[in-house]
Structures are given as C-alpha cells and as structure tokens.
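Same chain, two partners: subunit A is paired with subunit B first, then with subunit C.
For the complex of A and B:
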C-alpha cells in the first residue's frame, strides 16, 4: 500500500463513520421510479423553514419542502410552479396568478390562494429582506377565489415576475402560522410545506431524511422515494464520500474547487456548472471610493489593468467561471457586452498611476493599502495573495490583514476598510441584485451588501431607477446598457469573475439541474436512470 | 575555551550545530539564491519537484516551494530568536526577583507565573494573536508571553540556590545593592541552565509560530513554513511536495536546535562529565 492509498483509507474510514443509515445506491440501480438520493448539506442549517431563514443550506434543502408560484428556465423566463398560468395587465400594475388545483400541504390541508397572500404579505414581509424589497411594492394582495391570486402594485416594478422562485417566495401554510410568533412556532420543527418531499427525520449533526409527499399535485412526481442530506463537516471526507458513491450529488462549495478537476474525471461522475444562473455569483475587489488615492477613477482603472483576471480564473478558480466585464453578470438579464475592456496590462496601469502623480518611491512602492482578507477559506486567501502580487508589480503595496468573520463584516459594512473581496448574487435582474451595490440611496452604514464602496453618480442613480420601473424590456435594456457603459468607465469596484459553482453528480442521475435555481429546485422529476 | 572544545567533541550536538548553521546560511542567503520575491508566481502551478528551475516544485499558484522555504527560514528563525529573547527578559526578571527576595515577593511572583502556567500556552497564543491581530511583532509578543513561565521558575530556583552561598552573602555584607549582587554575582553562576532552556525555547517558539501560521493566524504578509503547510494541506493528495518540504524544514530545524541544546546542557553542566555519561 503506498502513501496515497493509505491516506485515502484514512479519509474513507472518516467518511464511512458518518453512516449508520441505509445507503440507497444499490436499490436505485436500473430503476426509473423510486430510489434514494444521498447528497450533502454543508454546513448544517439551523432551521428548514425558508420563509424564516435564507442561509444557503436552508435554501438548498428547503427547496424540496417549500414551493413557490413560478420556476425559471436557464434564460430566467418564468415557468409554471404552483401557478399554472399568470397574466400581467397592460399597465404592468396587476398580476393575476391561477394556481394548480389539488395542491396539498404535507399535513393534508389544501393549499389555496389565501396561503399565498398570507405568505407574501405577512411572513415573508417580516422575515425575508430580499422578498421585502420586491413585495413592499404591492398595494393590494387579493384572493378572489381559492385558485386565484391578484397582486396590484403601487407603481410598475419590472422585475416583479422574477421574484417568485422558491428561494424568494416560499409558500407556507396560513393555518399553522397565522397569528403566531413565527420564529417560535413549534411547527417550524416539522417544516410543513407543499413540495414533493416532506421531512421524515432530522438527526442533528448527522442527516436530514426527506420522503415522498404522496399527495403531491403533479402526476408521477416525485420519482424518488427519498432524499437524504448528510452533514459532513470535513471537506476531504465530502470528496471521498462522493468518490466512493456514498453520496451521489454535491453542490455549491461542498467539494473544494481544487478537487473538481480530479473528481469530474472519475468514470462514475459527471459535472455541470448550470443551475446558478438565477444567483449569478459575481466576485469583485471592493474599493473604498471615499479614501485617497482610491477616490480617483484613474487609480481604480489602473487596478483593473494590473490584475491578470484570466490567470486568477485558471489558477485559483480552476477555470470554473469567466472573467467579469462589468457590474452585470452575463447570466443576468440586460447584460451589456459592448463596454470598455480592461485587458491585462501593467504598462497601462503604471501609465495611469504616473499620470495621477503617484510616483514610485525608492523601494518601488507608490502607495501602501491595507487589504482585509475575507475569512471564508482558502480560495479567498489565495485570491488575496494573487491580488497582492498583481498590484505589487505596478507599485501598489497591499498589506494583507487577517480577520475573523464578525470582524470582517463589521469593518466592511461600516466602511472601515480600503480594499477587500466580496461575492454578491444578482438574483436574475439588475434591479434585484445589482443596483443595491451602486446606487447612492443604498449607501447605508452598517449593512452588508449595500453600497459599501461609496460610489455615487446621479446619472447612474437615475438610470437604475428608470430601468426598474420601465414597462418594456427594450426600454430597460437601453437604460441598463447606458449605465453599464458609464460604470465600467468609472470602475466603482474592480470586477473580477463570474463564478460557476460545480454540481458533481452520479452519471445515472437524471433531471437534477433543470432550472436557473438548479439544486434549490424541487427535485420532483429527479430519477436514477 | 575548555567548554567549546567539549562541545565540539559532543557528537549529536555537533550534528545539530551543522544543520542549524545550514538553516542560518539558507536564511541569510535567501535573497541571493532566490532573487524573486517568494510570493511571485514564477511558474505554472502544481509543478512537481525537479522541474525546470524549481528544485522543490511549485505550489498551487505557481510559487517556488524552494524560495518559500528559504524565506520561511528567515521568518522562523527571527520569530524563534526574538520571542525567546522576549521570554528571557520577562522570565529571568520575574524569576530573579522572586528568587532573590523570597517571602511575600516570591509568593506574588510565583502566583502570577502559575496563572500563566495553568492556561495551555498554545491556546493562549491563539487568543492573543486573534485579539491583537496577526502581525510579525504581535506574533513575537504572543509567543514570548506564553513561553516565559518555565524560564522564570528555573531562574528562581537557581537564585534561591545561590542566594545563601558565602560569596553572595559576602557581597551583600559589603553593602552592594541587590541589583548589583543579582547581576554580577548570582546571574553569571546561574546562566548555564538558563542558556540551555532558552535554546530549547527557541525550538518551541518555532513550532508555535508554525502552528499559528498553519491555522491562518500568522502574519499573512510573511512566507513562513507553517503557512505553506496550512495552504497546501488540502491539496496533499494531488501535490505532496507542497506540504512535505516545509514540514521537513520544520522538523530539521527544531531537531537541530534540540540537539544543540542538549549538547550545551552536557557541556555547561559541570555535574555531568562526558566520561560519566559514556559509562
């Protein structure tokens, strides 16, 4: 036995140690219907009710339990969810949804338009910041009959139809939550939704066991009998579990990026990066625009030129993603590709810095800037080291500062930083996920994922505002194209990459990634073979 | 001179000294041997050892592992020596005061020392670095702050032993100030065991520094051995060399210092004659 095999054995022993519950692998072979899907949940969520908690693992798991009115294809076009059809009035103020008949919650109660109105206007408004941003624009929410929901907006809001996926607008049972303290409701432990799978058992620290919801409204769904989400805190054990077939699916960062090239080549596995279109994670180097010399646009442009973003993508992200060209991800609607290009060029960067009068000192350094290293693991640490080397070549000396999670969030949100890196989701529409980082009305001290860089341009503010309320897509595209051109010229932050997260799965699995929310979807049609 | 000769005849001590000198030379010559910054991405990532221009391979960003080890030697030795000096200053001062004056002063000093001894040193070091921030100076301060209690206890014991000797009593009777007595008469006679323990403290300090860096609590601007292992720990299945060579560097350096310390102990301690040891 050589050293590598020995290491493997040790890791395997660790991975097997988490077992103790039956593995469904063999049972699923050759079957179309039935079977058990074993996958990973990392880290273990605090609660499964997605209306009350929107952390990543909660949403991944909760998507099987809670459904919403719509789903979205890879181009973010709406598909039927709980709603079989929908209509928008010509003035873009009234949205009418028709629900499928015979939808039931896991406790057997029918799901009606009353539950939808309650979920949207009560529980989500109070507990879900992202949903509140959209649903606070509702003037009236009505349920004229059990299968019809009518929303009337105060004024047009173009991305309204993009907010009905199960991570933004999960529908919860009104009869359980109405009039109670939502967070303390004992039914939270049972997580009663209307999705194709219901909670059977949650053994803390071990696994979450979901089984088929027999009363599911879609014929022949779900195909699988059960899904087991295993809690495996150690990343090496997660990779081994996948390699050995103990689990048949991983998502997000379950598998460390450097393991992906190796694992995706294994004969029993296949890899896709589809299914993150709705989130479109956008990574950038955040620059505090308030502090000299970063308040000078030429300095920020120099930073853009100084970073070899292709090398960053290939060396640290193992090619999983693409170079970002501006504030809007190419996966998000209204992306504009015809903007100023910042190809890697230390010479241009140096020329810009010289022009500013930032001359290198005797040690070659023009300026020293502290950089907060985000405490979210290796990839961020390596990225920081990469950025320091890149900027050092043009005379910008980054001093890396290690910090803990709470400290990073505190300093970053209170503008007590010069540079750091961050990743922000775009949620399908620039009005939902992009404008918040740049409009001056969202410069709010103490709030993460607000306009922390302090960028302020009245013209950009106006274009964002008009694009959000414009009633035709052409008009919106026009505004968004205009503002992307301005922003790429001014570089409020140095956009680095659009990240593709890998979904690694057993080759026999079918229909896992079918929509823009990927692994967060219901898994009703997922099957082995 | 006599002692130097004894040391030079001490086989394991000499082995240690040779290795240690090699590490020191590597640290001193690092900028000459590797003119590029150790953080510079000089090659393709994941190059195995003995590739073109990369005697020990490259890491996941294409940085030379050999350069990292050379520059890491500077960091490890600097931190080891500096934090041991800090620990010596604190430990010897406290131990000397306690041992010289005895009584209530001794009680007070020893209770403070025990307070530090009850807290596991490494945990306290983590806490200190996490609180005051991971910079070179802070790491040195933190390691110094957790390494002094054994030195204090040793110094105290030596001082208590020598305090009652005739030559010390004579100096006191002559009316010399306590400071003078302690520094000129007691300390020179107590220094041997302190030097030995101090040398071993350097080894411990290097280990603590590596462990801190491994956990990501080292100065992120300094290439150190612990940081290299910590960074490449996760790719050990693909690239063993990234963590293996810095690991060997730590083992060799710590071993060398321990051997030298043992050699010094045998040489400086008059009660262990080399002949007796051999028998």
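For the complex of A and C:
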C-alpha cells in the first residue's frame, strides 16, 4: 500500500467514524478517538524546550509538550491549566495556585509544586526575557505541599495573573534541570514536559513527530494519537500541502495572506482568525523620533493622515484584521476607543507638512527617508510598497532598502534606521506588551522590542507605571485611557493594523481554537469529527 | 595541479610521491586561507545570531543577548575568535552549533545523504540524458528532430528551476495525484524496507527531474556542438572511408572525443552537487544540505556556516583533482602536464 492509498483509507476510516460505527469513539465526549493531525512548523525551531527558546515556532510546537498553570479564554479571563484553582489576596500581593492531582511528566515522574517553583524562579528567570520581566517581581515562591504554590510579590503587579500561559510560563521537570547548565543539558533533545503530547522523533529538516502522553492527567485527553509538524520552507509548497490535504492545519504566516481568500473557499477547508487574542499582533510604521523631521509631532501626524489604512487592510491584508486606533489593541484589556481619529486625508497631511515649512521641491518631494523593509515575507514587502506610494502622494519619498533578518534586527535595535514596519505582540495586558515600546525607561540600545522609536513623555511614563501597579481595574482603565489619548495625539509611531492571522483547517477538525492562545494550546481535545 | 606535472628524472614512483606531498602541502595552505577568508566574510555581514533569535522571540533583554553572545564566543575580540577557530580546524574539530544544539559535524553528516541522493541522481540523469540527446541532435544536425531537441533544451535551460518544480507539483501532485509533492519519505506510516525504498523513490521523482532537467539542457547543448565539431574531422572521414558502420563511428570515435567538454563542465558542476540546491530543497521540502546552509546564513549561525563552507571547499578541491584524473582516463593524450 502506498502513501496515497493509506491516506485515502484513513479518510475512509474517518468517514466511517462519523457515520456512527462505535469503534474507537469515546462515548463520554462523543469524539472520535485517535487520528493523526498533520500540520506545519515554519521555520524549523532550533530546540523544543520553550523555557529556553521563545521563537515563534518553538512556542507553537512546545505548547503541546509543555503546559503551564493557566490558559485564557477569548476575553483573556484565566482558565484552569495545570492549576485547577487560584486565589489572589485582597492586597494583591499573594497568589495561591492549587494544582490538579496526578500530573506526570513524560518520563513518568509526578509534577509537583516544586517543579513549578523551580521553573518560575530558576530556569525561566535565567532564560526567558519576557518571563523575567514579570517574575522578577516575585519576592517569595513557596511550595507548602505538593499541590500548592504560593507566590508573594514585592509590590502589586496588576497583570501578574496574565503571565501564566504556556508561552510565558512553561513548567519543566526540576529533577532533570536542577543544578545543571540548562542550555547545555543533554535532556533538551528529549524535551520532557507534562503536556498531552510527547516527542517521539525529530528528523531535522523534515518533521517533528509527537505522540500521545498516556499518563496525561485530564480524562479522555488527548483525543488524537499523534501530531506531525512538517517543515515546509517554501510558502507556495505550504499552500499546496494544505490544498492537497497533506496537512490539515496551518497557522500564523504558514500561508501567505494573498492565498487566504482562495484557500478558505475550498470545500474541505474552513478558516478562523480566532486564537490570537492573547498576542494581539499590532503592526505599525516605526518612526525614529530622534531624527528630523520625524522628531516633529506634526510630521508623524501627517504620516497618519497620508496612509489609507482601510485600503492597506483590504488590499494587502485581504481584510484579515482591523485598522488600529492607537497603542493598545482592541483585543487587549483596557483599550480606549475614544481617541483622536486619523481618517485618510492627504490634504490634512500636506497642510501639516506645509505648516512645518517642509515645502515640496521642484520634483514634488519634500523629504527623502530611507525605509528598512522587514524580511518577514511577501506581505511585509507589499506593505512597504503600499506605504511608499501613500507617502509619495504627500511628498514624502520613501527609499525601500531590502535586508535580511539579522541585518534588520541589528539596524533596528541600534536605532540605525529612519522608518520600518514592525509587528509587536501585546500579551494580554498593556503592562506586559504595550508599555515596553513607549516608556522612556525602556529606551535600550541593541534590544529589539524595546522603546526603539525613542519616544519620551514623562506623563505617559507616569501613567504606564501607575496603571501597572494599580489594584483595581477601574483605576487601571482610567490611567490607560488617559495615556492612550495623549499618545494618539503625539503619534510616537504610526499604528497601522491589528492583524488577524488565519488558521486554515480541515473541516473535520474540532476544538482546534478554544482559547486566546489558539494554536499554542495543548490540543488535548482536538479531534477529527 | 602543476605540482603533479613536475617531471623529475628518476623512478616514476618517487616522482609521484613527491608530487602528492606537494599537492598536500598546497591543499592544507589553500584550506587555511579559505577558512580565514570565510571567517572574515561571515563576520562582515551585519547582525549576529543573538539578534536573530531576539527578532524571532518577540521580546529580548540585555541578559538574553549577553548569554547568547557568550555561548557563541562572540564576546571575545575578532582576532582571538579567529585564532580559536583556526586552532579547532587544525585539530579537525568543526565546532558546535548552539543554535541547533548539535555538533556541526553531526548536522552536516545528517543532511549530506539526502543531498547526495538528490543531486547525484539528478546529475546522473542529466549526464545520461544530456549526452544521449546531445549526441542524437548532433548527428542529425539540421534535421527537424535536432531543431525540436534544441528548442526543448533551450526552453529547459531558460526556465527558473523553482518554477519548473512548482509546475510539476501542480500537475503531478495536485491535479493527477500521482506523486508526492514534498518531503523525502512518508511520515508516520509503517513500512517494510522495500516499501520504504519505493516510497523514497516516489518522493525523489519530481525534485530529481526538476533539478536534472536544467543540467541536462546544458550537457545536451554542449554535446551537440562537440559532436558537430568532431564529425567534420579527418579521423571520422577515415573511419567512414574504412567502411565502419554508423553506430560504430558514433560510439567508438565521435562520442569519446566529443565528451571532453562535458566532462569539464560536469566536473565544475560536481562541486555544487555537495552543496545541494537551495531552491529545489526549499520547494520540495527536501531535508538537504542546501537548506541547512541557507538557514544557517540567515540565522548567522557562525559555527555551522563556517563548518559547511569548509567541508564544501575541501570537497571541491578534491573533486577538481578527480576531474583531472578522469580527463586522463577518457583521453589518454591528455597528460597530467596538459591538464594542469
């Protein structure tokens, strides 16, 4: 039997399963137990241990292997993960988590509160920049009994409970890592976690094969027998793989956005953009505020007016997203919609530039600005070309410069740029994913995703700081609303879009996107039919 | 290869031994120069592996960058790094890729078989098909079959190889569903060894044909002109006058003389066989060395890049030597002196 016949037989078996033959059906949940999910991992991750490497593909794949205390619903409210319940003291300083009983790692060892304390205070503190930012606020981490973890903070930090998803706080086995050089530990190749799937085989350049963890603590999970992440480096080939049924799920930028309208209409596929709420990818035109004429607020406002962001959304992003109104995504908590509006108006843009004294030369150009094109695929290239056209209409001449990832990161993080576009995740709370791009305490040369634009406003700094430590949501909202209004007026960067990445999947697949972490979740309940 | 051509009076064995020794000294010197050059070149590119990893993580801080740079040894001054690197090469240690958490040698060894399988098959296919088609076209120069073959080979030669690959996938995988579109073997399917061989062969068809057809076009064109050239030479006229059969003339006399330019070009191409084809390996998700190289460059994985470059340089030098030797076998008139 060849591969193709085998696949067809599999499809047939699947169809029979839906048809009501009880073989392999878990009656309690009505799901067809078993099956293999083929999907894509792109680009291939260097290692699978999410505590040690936080590149996008590592996190997507690692979410099946490493679980965390919490997950989040689409409104970013916490849901049980490894922790079945949690309590916050009234002074917002003490967080107590109760773990589910009978959790085991893939090597059979029980997962206890000791592993949680070790993961959070040791391995993550040393190896995870984003986790470090949150967990450095912990004063004391205790494990009074095997199922209880207590964190006491130095001072209140409002988004603390939003930092326990599997991409920020994966739990690793203490007995494997304690006292070792974490990054050189030979066990990294085995990727021992406690998630519903464990690593069976990783053929570099080809695929990562995950199989069910029989000792998983949640009844009837996982439903699937195995998940195969295939490495398919070419975007056209990835589309073909989906079209052909070789893979049944794509995520993030696996499929180029211009392919989405066509692929989502195929009879065997369905598309959803849910599952990115936690990340809330925010795309903007980064403007180096240190350099004239971009150091003038009026110039940056003119840029906002000059770009037809609705057209950008529809033409380049094929409607996958929303026009961004300010620094906070509408998907993130504490979004303020009542801010200054920048409707598309080249006239207003020209008036502002005239007012600045930036008159057009004989060739119609007022100023020439180099633009670094981010090397992250076709959509970014097209966006750059769209921006060049838009800004040319008001006399701003963008010169597009192509560059690879390393060069882009080097120039961007060392402020050796004038304009570029970037996409930054918000991680569920402005204090986790928004303030870092704008507060002056985070102007750090050489560091990506810091305040690279060089924006500095003491009032905004103060509001961000107070909002992060405020103990009620009302108070936080008040601060965040105030700072959003100030920032939208001052335009530190030109916010473009809130991106909705497409998850294209086989229609038979169920429960793929159930939380705000989307494809990073455990896939314990994912099933065919 | 002038070293080999040195004629020394005395026994032939001694001469060859001296020649080989000289060649080896030269070889080591060339490798060290190449290694130094690679090192400088690689570090001249903007950005470093720590920046790349930060860029793909969505967050970063000073501690992370310092950690990564220390791991890669990038915290030391360049001359020190270069000295460490050269010292390692002399002890035949290719180093460790922190990015992939594996030794460079094991990474290369893991990818090399897939690459060789792909490129050698394509190479053989293109040589056999190119030489036969070129000969066919050459002996029928001017006839319609020659014109047709010339047009086809020009067409294949001009076609971007990724496009040809994609078109073949669309036709044979998506439309007809005859052949798998990518990968080198079916994943997660239990197979007997025989089924596995058949499965790998099925996966090879499209990438081998795509890669082979471009090379084939080159050889066919070379072969055709060489055959036409040879056909007008005196010894062929003599052979004809002797009353030899047409087949005998073509195979015994024309082919052997006409194939030299193909050997020259094929020898040059052979070096690239080891490097693999980034384009084909990318389009067909073939887990070969070409993609590993490409990724390592994008990720600024210095140890891996340098390791691959070095291995390839060594192989190319050795292949050049082999090509010269083959010259002698194919055409005994070519002495080592002439081949240098």
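Quick note on the criterion: the second predicted complex is superposed on the first by the 498 of 529 C-alpha atoms of A that agree within 3 Å, B and C clash if a C-alpha of one lies under 4 Å from a C-alpha of the other, contacts with A are read in each partner's own complex, and residues count from 1 in each chain.
As a convention for this text, a contact is a pair of C-beta atoms (placed from the backbone, for glycine too) under 8 Å apart; a residue touches a chain by one contact, two chains touch by 3 or more.
All figures in this text were calculated on a predicted structure; none of them were measured in a lab.
Novice: Since both structures carry subunit A, what do subunit B and subunit C do when superposed there: clash or fit?
Specialist: Superposition result for subunit B and subunit C: fit.
Novice: Who wins on subunit A residues touched, subunit B or subunit C?
Specialist: C
Novice: Looking at A:262, would you say it contacts subunit B, subunit C, both, or neither? Reply first, second, both or neither.
Specialist: first
Novice: Touching A:236 in the superposition: subunit B (first), subunit C (second), both, neither?
Specialist: Both: A:236 reaches subunit B and subunit C.
Novice: According to the stated criteria, A:400 is in contact with first (subunit B), second (subunit C), both, or neither; which is it?
Specialist: A:400 sits against subunit B, while subunit C stays out of touch.
Novice: With both complexes overlaid on chain A, does A:388 touch subunit B (first), subunit C (second), both or neither?
Specialist: A:388: touches subunit B, not subunit C.
Novice: One more residue to check, A:378. First (subunit B), second (subunit C), both or neither?
Specialist: Touch status of A:378: first partner only.
Novice: Contacts for A:188 in the overlay, against subunit B (first) and subunit C (second): which applies, first, second, both or neither?
Specialist: second
Novice: Between subunit B (first) and subunit C (second), which, if any, makes contact with A:444: first, second, both or neither?
Specialist: So A:444 only meets subunit C here.
Novice: A:315 in the overlay: touching subunit B, subunit C, both, or neither? Say first, second, both or neither.
Specialist: A:315 sits against subunit B, while subunit C stays out of touch.
Novice: Check the superposed model and tell me the shortest C-alpha distance between subunit B and subunit C, rounded to whole Å.
Specialist: 8
Novice: Which parts of subunit A are touched by subunit B and by subunit C alike?
Specialist: Common interface on subunit A, subunit B vs subunit C: 3-4, 236, 404.
Novice: If we count contacts the way the header does, which residues on subunit A are in touch with subunit C in the complex?
Specialist: Residue list for subunit A touching subunit C: 1-4, 6, 36, 38, 43-44, 46-47, 53-56, 127, 129-130, 132-133, 183, 188-189, 203-207, 209, 226, 228, 230-234, 236-237, 240-241, 243-244, 246, 403-411, 413, 424-425, 436, 444, 446-450.
Novice: Under the stated contact criterion, what part of subunit B meets subunit A in this complex?
Specialist: 37, 39-41, 45, 60-62, 130, 133-134, 216-217, 220-221, 231, 234-238, 240
Novice: Write out the stretch or stretches of subunit A touching subunit B in their complex.
Specialist: 3-4, 7-8, 235-236, 256, 258, 262, 311, 315-316, 373, 378, 381-382, 384-386, 388-389, 392, 399-402, 404
Novice: In the complex, go through subunit C and note every residue touching subunit A.
Specialist: Contact set of subunit C toward subunit A: 45-49, 51-65, 67, 71, 98-101, 107, 110-111, 114, 162, 166, 169-170, 173-174, 177, 180-189, 195, 198-199, 202, 281-288, 291-292, 295, 298-300.
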